[in-house]
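The structures come next, written out as structure tokens.
Shared between the two complexes below is chain A, which has chain B as its partner in the first and chain C in the second.
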Partner chain A sequence: MVTDALTLIGQVLGCLGLVLALVGAVNDLIAAIGFVRFKNFYLRLHALTVGVIGGTFYPLIGLGTYALFCIAPPLGYYVAGVSYVTAFFVLITAPAGSHAIARGAHRAGYRPEPAREDKLAKDREEGVME
Partner chain B sequence: MSSEEALAIIVSLAAAALLAVVAVGQGLVPVASTDLTPLARFYLLNVYNGSSQLWGASPEVITSILWDYRGLDTVYETAVFFLAIIATLTLFRDAKLLPETAGSGRGMTVIVKTVTRITFVTIPIIAASIALHGHLTPGGGFQGGAAFGVAPLLLITAFSLRLAAERGWSKGKLLTVRTAGLLAIGLIAVSTPYIIAALGGKAGIGYVMQNQPKAWAEVGWPYAIAYAGMRVLFSGTLLFLNLAELFAVSAGLALVFTVIAMPTEVLEKGGGVKK
Partner chain C sequence: MSKAGSAFVVFLLLLGIYLVYTGTTNPVDVIAGGVAAAVIAALSADLVVSKPSKVFDPRRWVAFVIYAVKYLTVIEARAHLDVIRRILSPSLPVDPAIVRIPYAVSDDYAITTIANSITNTPGTVVVDIDTERKYMYVHWIDAKTTEDEGARAHVSEEFENYAKLIFEG
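Here is the complex of A and B:
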């Protein structure tokens, strides 16, 4: 009875993992459309981040969960471990990367548009930030 | 939507449909032939076959070909890479890496620095894992060194060259590591008869870059040691060549990145570069 319940929970979690992978695919499609259709650099950067976090992090987590519960133990553990570690590094490096790109663009003179107020440019003029 | 965009979308959809038709028509099998060439069959049959005279003592066929069957080729490849780095250094021969002249030392924002601190630790681990498992899994010394080369690049971009200079990096130190790696490869290349003599075996005449004994040249490196009841496979020269190549390539790449990252004035003053 207990093992049956555990198997059921495992199957439900595996299905959740597959749903996450599907969500990731949809996010990737949205990011691709946004990347082509958005008007300027900063808006495209937004689409890029949707693609990286939504389209890479979610599927990796989903894949890891699926592998953990639905693939036979030794192989499943390998796949899950690699997936989770990769997901962690994607999660922390992607925002830093897009932050560095945006900073470089702002320093190179591209201004966000449309923007109500550009406080970074103001800070830079006043010398608060370099 | 302009007519060009509509055309682009129609063309991509048509290409996708064509691809799907082809894939289904083929029954979703690989398009390339699955038959092996005679050469591939030779390597697969011999490379980890202890009863074969031509075995390489390593389950990883590519590393075995690169460092054993045609090892001289890889030695020359390493030498060419070394020459390229020497040429770069000759171009900027008097450019010195000093903390005073290595830029402002400000680096990037705190966000990038924090993330770099976390990821930085993993790079040497991954490089060592790729290089030390080079004789067991895909990878090897050059790949490990190329992975390690990301570490100095990341350090210079995120933290600044000045920090590297303050921590004691210099062109001379990196070049020493690079040369030591190449020297180790050269020594291993001619070492086989000496290793046999040192281990108490019958010293004979061996080839340059010989790994395992052959019928007509009966000297070779041991390929495994017993440790704690287990047999640890290190495939003769392959592990040591991979290790030497890891040091050579990573130090070489670090050297090139360091030189490239120097401020323009320093390079202009210290080299043959004119404005």
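Here is the complex of A and C:
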């Protein structure tokens, strides 16, 4: 009886994992559409974030959960571990890449157009920001 | 003592990552991972951890778990839906600006947490940071205000409160 309940819970969690993977695929598609529709580098970075977090991080978590509960142990643990660790490193390293290219673009003189205000360019002109 | 404590923290972290990644508790894996983790911990402990006692403070861990759960569910979902709506909407409603956001933490991990949290939320990207005057320059897809404090209240105040609880002090 208890094992039945545990199996059921495991299967529900596995299905939730698959749902996360599917949501990730949709997010990736929308991020790609955003890449085409946004005409400015900085705006495209926001579409990129949708692709990285919604389209990579969450599907990896979902895949790991599915593997943990629905794939037989030795292989399941292996796939789940790889998925979770990769998801963790995507979460903490992807923004570092975004920071680097955004900073590089702005320092190279590429300005956000259109923009209501660009305080970074203003502070650079005033010399308070290197 | 502090150096040994730092090395121990790094060792635990690396061994944990190794064992989760391989997904086994074979003696071979545990020994190989332990040796590799010990060598790396001995070499890099000073660079990575300065106050090891902070790692064993349960209040910080509680704050971390609350923040992680809230950030990865509510905050991310809200931000994703907002940007997805903008991408798919025919008129492409954006009102971008680079705003200046002050922050009041000094720990490197806390600053990194805030910057990563801002960038990982669709709709805001940190473009540059001034650690001397303590400002982050953030490209915001829908700038509701361009004032420093107003932008901070909208974008980073919640991240900063949790980062302070987790890493400061």
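Rule of thumb we're sticking to: the second predicted complex is superposed on the first by the 129 of 130 C-alpha atoms of A that agree within 3 Å, B and C clash if a C-alpha of one lies under 4 Å from a C-alpha of the other, contacts with A are read in each partner's own complex, and residues count from 1 in each chain.
Keep this in mind: contacts are C-beta pairs under 8 Å (C-beta built on N, C-alpha and C of every residue); 3 or more make two chains touch, one makes a residue touch a chain.
These numbers were taken from a predicted model, which means no experiment stands behind them.
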item	value
Chain A as common anchor, with chain B and chain C clashing or fitting	fit
Chain B versus chain C as contact partner of A:Val19, first or second or both or neither	neither
Per-residue touch tally on chain A - higher for chain B or for chain C	C
Partner chain in contact with A:Ala100 - chain B first, chain C second, else both or neither	first
Which superposed partner A:Cys70 touches (first chain B, second chain C, both, neither)	neither
First, second, both or neither for A:Ile92, with chain B first and chain C second	both
Angle at chain A between chain B and chain C, C-alpha centres, nearest 10 degrees	90
CA minimum distance (chain B, chain C), superposed complexes, angstrom	5
Overlap of the chain B and chain C footprints on chain A, listed as residue numbers	92, 95-96, 99, 103
Contact footprint of chain A on chain C as seen in their complex	17, 19-24, 76, 80, 83-84, 87-88, 92, 94-100, 115-116, 119-128, 130, 133, 135, 137, 139, 141, 143, 146
Interfacial residue positions of chain A with respect to chain C in the complex	27, 30-31, 33-34, 37-38, 40, 42-43, 45-47, 49-50, 52-54, 74, 76-82, 84-85, 91-92, 94-96, 98-99, 102-103, 106-107, 112, 114-121, 123, 128-129
Chain A to chain B touching residues, read off their complex	89, 92-93, 95-96, 99-100, 103, 130
Residues of chain B that touch chain A when the two form their complex	106, 108-109, 111-112, 114-116, 118-119, 122
